[in-house]
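Take a look at these structures.
Two complexes are shown next, each including chain A; its partner changes from chain B in the first to chain C in the second.
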Partner chain A sequence: MQLRTVALGAALSTAFACEAGAYTAYVSNEGANTVSVIDMANFSVIATIKVGQRPRGIELTKDGKHLLVAVGDDDTVEIVDTATREIVGTLPSGPDPELFTQDPEGKLLYIANEDDNLVTVVDIAKRAPVAEVQVGVEPEGMGMSPDGKILVNTSETTNMAHFIDTQTHEIVANVLVDSRPRFAEFKKDGSELWVSAEIGGTVSVIDPVKREVTKKITFEIPGLRAESIQPVGVRITKDGSKGFIALGPANRVAVVNGTTHAVEDYLLVGQRVWQLAFTPDEKYLLTTNGVSNDVSVVDVAAGKVIKTIQVGELPWGVAVSND
Partner chain B sequence: MTLDIATHSQPPGFSIGQYAICLRGIVWREMLRFLHQRERFASALVRPLVWLFIFAAGFRQVLGVSIIPPYEVYVLYEVFITPGLIAMIQLFNGMQSSLSMVYDRETGSMRTLLVSPLPRWFLLSSKLIAGTAISLLQVYAFLAIAWFWEIEPPIVGYLTVLPALILSGLMLGSLGMLVSSLVKQMENFAGVMNFLIFPMFFASSALYPLWRVRESSPLLYYICELNPFTHAVELIRFALYAKLNPAALGIVAACTVVFMIGAILAYDPAHGFRARQGQTGGAA
Partner chain C sequence: MRRLILILAIMLAPLTSSAIAQVNEVRIGYLRTPPPREALSLIDLPAENDGLAGAELAVADNNTTGRFLKQAFLIEETRLADGEDPSQAVTAMADRGISFVIADLDPDLLLKTAAAAQGRGILLFNVGAADDRLREEDCRANVIHVAPTRSMLADALAQYLVFKKWRKWFLVVGSHPKDVLYGDALRRAAKRFGAQIVEERIFEDTGGARQTDSGVAQVQRKIAVFTQSVPAYDVLVAADESEVFAAYMPFRTWDARPVAGSAGLVPTSWHASHNQWAALQMQSRFQKRFSRFMTARDIQAWSAVRMVGESATRTASTDPQTITRYLKSPDFSLAAFKGQKLTLRDWNLQLRQPILLADGRMVVSVSPQEGFLHQVSELDTLGFDRPETKCKLK
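Now for the complex of A and B:
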């Protein structure tokens, strides 16, 4: 009887623990022109928000009140109120915005304009452009250093990571990486910058101080052709111990040791896995699977895929709320 | 010949203890026989493992498996065919137990069994339970090895699959028994393999999801749906993930009852096929 009480107590506490982590995830569906809202308590889609055309880059403002969605074919970034789930405004992003990032305070938005070889800087509160930075051909990946001083932009065709000073809006360094760099992610302590190269099939680890490539992470999956391994989205845990890399049409997420940079595991997710996002507690990692139109949920500690959630057509980006 | 002593099928009331002694004797004999036949144990394990290690590895890239219940995530082909291979173990075991009945009949040891004063249906059921128990040993040994091959169903699944395994083991065992009543000699058993085991195994959801079968051939899809083996596979597949497939459960349970009644009738000397065949004892 006592044993049963203990078991019941354990079961209840687990149930409450799940309740406490009730985050909301937002997934941009590039093909459906919608954003799927996922309740992370029970991994189900609870709402679908109609947005502009070709939504890709997606992020929440630091206060969590607004969701920013880059709608490339409408040449703007839409602002969605997270409470009412309605579009309340737009930001002058410049043409064809794809990915963007915010400064650590959440005041400025740095947007990559793929067609115009520009990075546009926008004041979020004033909804007004502040500056434009000329970068390489087809800019895409945007990574902000934890101290907010350096913005890294990757240009797909120039195959470079451009280091941009956020005070002067000038390029201060260029680092050559492998073919078609897609995504840039800093470790939270600022010690390393990881840049994925889709065609090159590698992730370059860059020393942000020396501004040179110190290591290249390569991937090998038995039975898969090297061409189908295309690294795109990158996320690193806050403590820097583990990195997760979406491998596109390889349908897998690589788990990389943050210290040794050795690939520890490949997790099978849906087809053409594109972008990744952690829940704030880093308990789960969400992946967008573009071809199979779903989102996979990875249990980060266990290193296992635990659930798949059907979303709209061509899911591209994902963002998770702080509460 | 003792098979024509029909009075034994109406026993004069036995105590539960006597039934238990009989059941234990039969199960014990089958267990001993199984454990002493090391090759049989090895082959029972090697057969599904060959499928798992070689066949599944080869088809891993060809057959990308999408998500279908009970799976909640994308699974590799190895994971998908595991329940099918478990059912295959039970299918072969069911047939092998019935093969041993043909052998028993030829060597005359079946006579010893059938002269027991306990009712015929009880003797056959005991034999069936013994065969199912052996199949459980084989399945869990297979699952243990498969675990190292990263086929890791939830821990609770190892427990919830047990009732499903017992039921599917009984179904396939009673089918084997029914078939064995039709086989006169050991040599004919090869035919059973070709005409029963292989079609049953391939025309099922053991190796490929049925929606994929339907895409290529609707007719084959209906054949698969009619195949009780398909439902045994699905029952095991769901149970391995701690889920219940009520349709599969119903069909497997119904088939078990039908096959079992069939086997008891077939082995009943007064009505059975064997009586009709005008043959009463061993071929020896």
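Now for the complex of A and C:
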């Protein structure tokens, strides 16, 4: 019996290794002050990196050499060498950094400073701040237009998506969305911007040219109170055909048709699901489930959860390497 | 005698003088009597700006958002002297173009203010009075209640005590009218959620100072004697809004029992240790500005001013009637660090809200508790519900 399990496990991991390549996923554990390193070949945690206090926003640099982790209670963004898994430096993020995004070249980092109603722009190579933009109350979500010309920041108490010109660092438009906007995601062709509203319970689809809301995606799950449906993380496939939306304490990820914006399915994942990331081949989607301390692996084509991986306490963000 | 403080309309820094001309203004009044200076524990003495600080922070938050919509908010405080009739103050505020007034007043004064405000089209926000009658038989169409009621607080506590299976209560009620009202709410809550009051005693206020040198030794003996010979109970529940005895109960009872209600585990709309649902950001924003902890009165005033701001944002208008109409519509909701949106009960204009249960240092739990179900909103398991209401809005 035991032998058979082992054999099956080996067969599975070989199969996945062929399919998924050797992607590595990094999960920030807000409660544990660690980053879990997951080998996507066999969906197992292969290392745990100790980082600063309250790690949340997490991204890889475009060259894949460094992992950037916002450690809010230490008021900095830590730089982790992905080869040695050691902290090799910090970026001057401004106070209480939570989420950030990069320009398409990976030279600049745009960081939301929740406590100061600011977006700080940092030169990654020089590790120096280059600009600050005054935004609404409690800035959080950060989305970059595919052409790099517009940065979108969402402010949670002002309830707006602020369109910031990346050349001038001026706000050029403000679009009102529903309560507590948490995340901003552009379609890869730049045709749509999706903004989730945690307390409002909706995702606004925004026309980035007209800069107005063209549609609101709403959710309904039988047996669940409307208040427990709290959209946070949003990811859209490269071809724009499918969107995935993490619904927080509803413990589900909504699968949304990218063209019609109709909700096609709700995938049951772990508890309090917040952030999402695709593997680069978009075969898998990872979800961070804060309350159950795990990560769910969604088979994107099959639309099924195929695996749950235990990580550290209160997993918050997730990033996946390109190779 | 009335003191008037004008709180500046900060911000506007990025706007040029020509832009200021286009900014539309919302003036909010803050009406209160001198804050009570009585508390058993020194750390519970309210700050001079208790409540007002919350309103000021919300004005700043509204203005940060207002910058993008060319809306500016400002707040003016009016303080009533002891026994002063509020009519004059209402007239003065209306004459200065104020349409929204945050009221931190006792129930009788609030009703007088509401009567005076009605003729001047002023909408009041009750941030200080927990009296259920203001939402029931004495409800008014021009008063929105941001403060939770005694029945909401009592129900929130009862749900948790029942969840803990601490069903046998020893109820101790103070001798002042508001203590009696809180006692009534706790008795109602016990009945609703299946707790049993095995003994009830009244703690008479015999007068005297709350702070004395060498008082501790006496209190230790007095409370032990007072709580002697009670039938077997799980928890002592104290109703003491007057700050006469409740804070003396923990660790001094004859039997080793936990204390809840006005001391021990306290139901409240805010606590300085509340950090969930982004409340941490709110706490640090508040502390940075005012160098003290944020209180229940502060969050109630913050929420009231934010309700005005939120409606001005959503309607892109500073017209008082437009704002009021939106506020009272089913579209209105407020995010206020409680994990879900807060909405208004349309039958009595009470703000629905989760209630924190805090032990003085930490938030122990948040009600409604899991499993207390409701056909409309689980928040309506707290307090008087629509079918029980005596309110006829007029």
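Some points to look at:
The rule we apply is simple: the second predicted complex is superposed on the first by the 305 of 323 C-alpha atoms of A that agree within 3 Å, B and C clash if a C-alpha of one lies under 4 Å from a C-alpha of the other, contacts with A are read in each partner's own complex, and residues count from 1 in each chain.
The definition used in the following text is that a contact is a pair of C-beta atoms (placed from the backbone, for glycine too) under 8 Å apart; a residue touches a chain by one contact, two chains touch by 3 or more.
What you see is a predicted model, and the numbers here were worked out from it, not measured in a lab.
Once both complexes are superposed on chain A, the partners chain B and chain C fit side by side without clashing.
Across the overlaid pair of complexes, the angle with its corner at the CA centre of chain A and arms to chain B and chain C is 90°, in steps of 10. Looking at the shared chain after the overlay, A:S292 reaches chain B, while chain C stays out of its contact range. In the superposition on chain A, no contact is made by A:S145 with either chain B or chain C. Applying the stated contact rule after C-alpha superposition, one finds that A:T101 touches neither chain B nor chain C.
When the two complexes are overlaid on their common chain A, residue A:N251 makes contact with chain B while staying clear of chain C.
Contacts of A:L224 after superposition: chain B is touched, whereas chain C is not reached.
Ranked by how many residues of chain A each touches, chain B and chain C are led by C. When the shared chain is aligned, chain B comes close enough to touch A:V269, but chain C does not.
Closest contact between chain B and chain C, by C-alpha atoms in the overlaid model: 8 Å. Across the two superposed structures, the residue set of chain A contacted by chain B and also by chain C is empty.
Chain C meets chain A in the complex at residues 14, 61, 64-65, 68-69, 278, 281, 284-285, 288, 306, 310, 313-314, 333-335, 340-341, 377-378. Taken together, the chain A residues at the contact with chain B in this complex read 223-224, 251, 268-271, 292, 294, 296, 305-308.
Across the complex, chain C is touched by residues 96, 114-115, 117, 134, 136-138, 155-160, 162, 171, 174, 176, 179-180, 199-201, 225, 227-228 of chain A. Those residues of chain B that touch chain A in the complex are listed here as 57, 60-61, 64, 66-67, 72-76.
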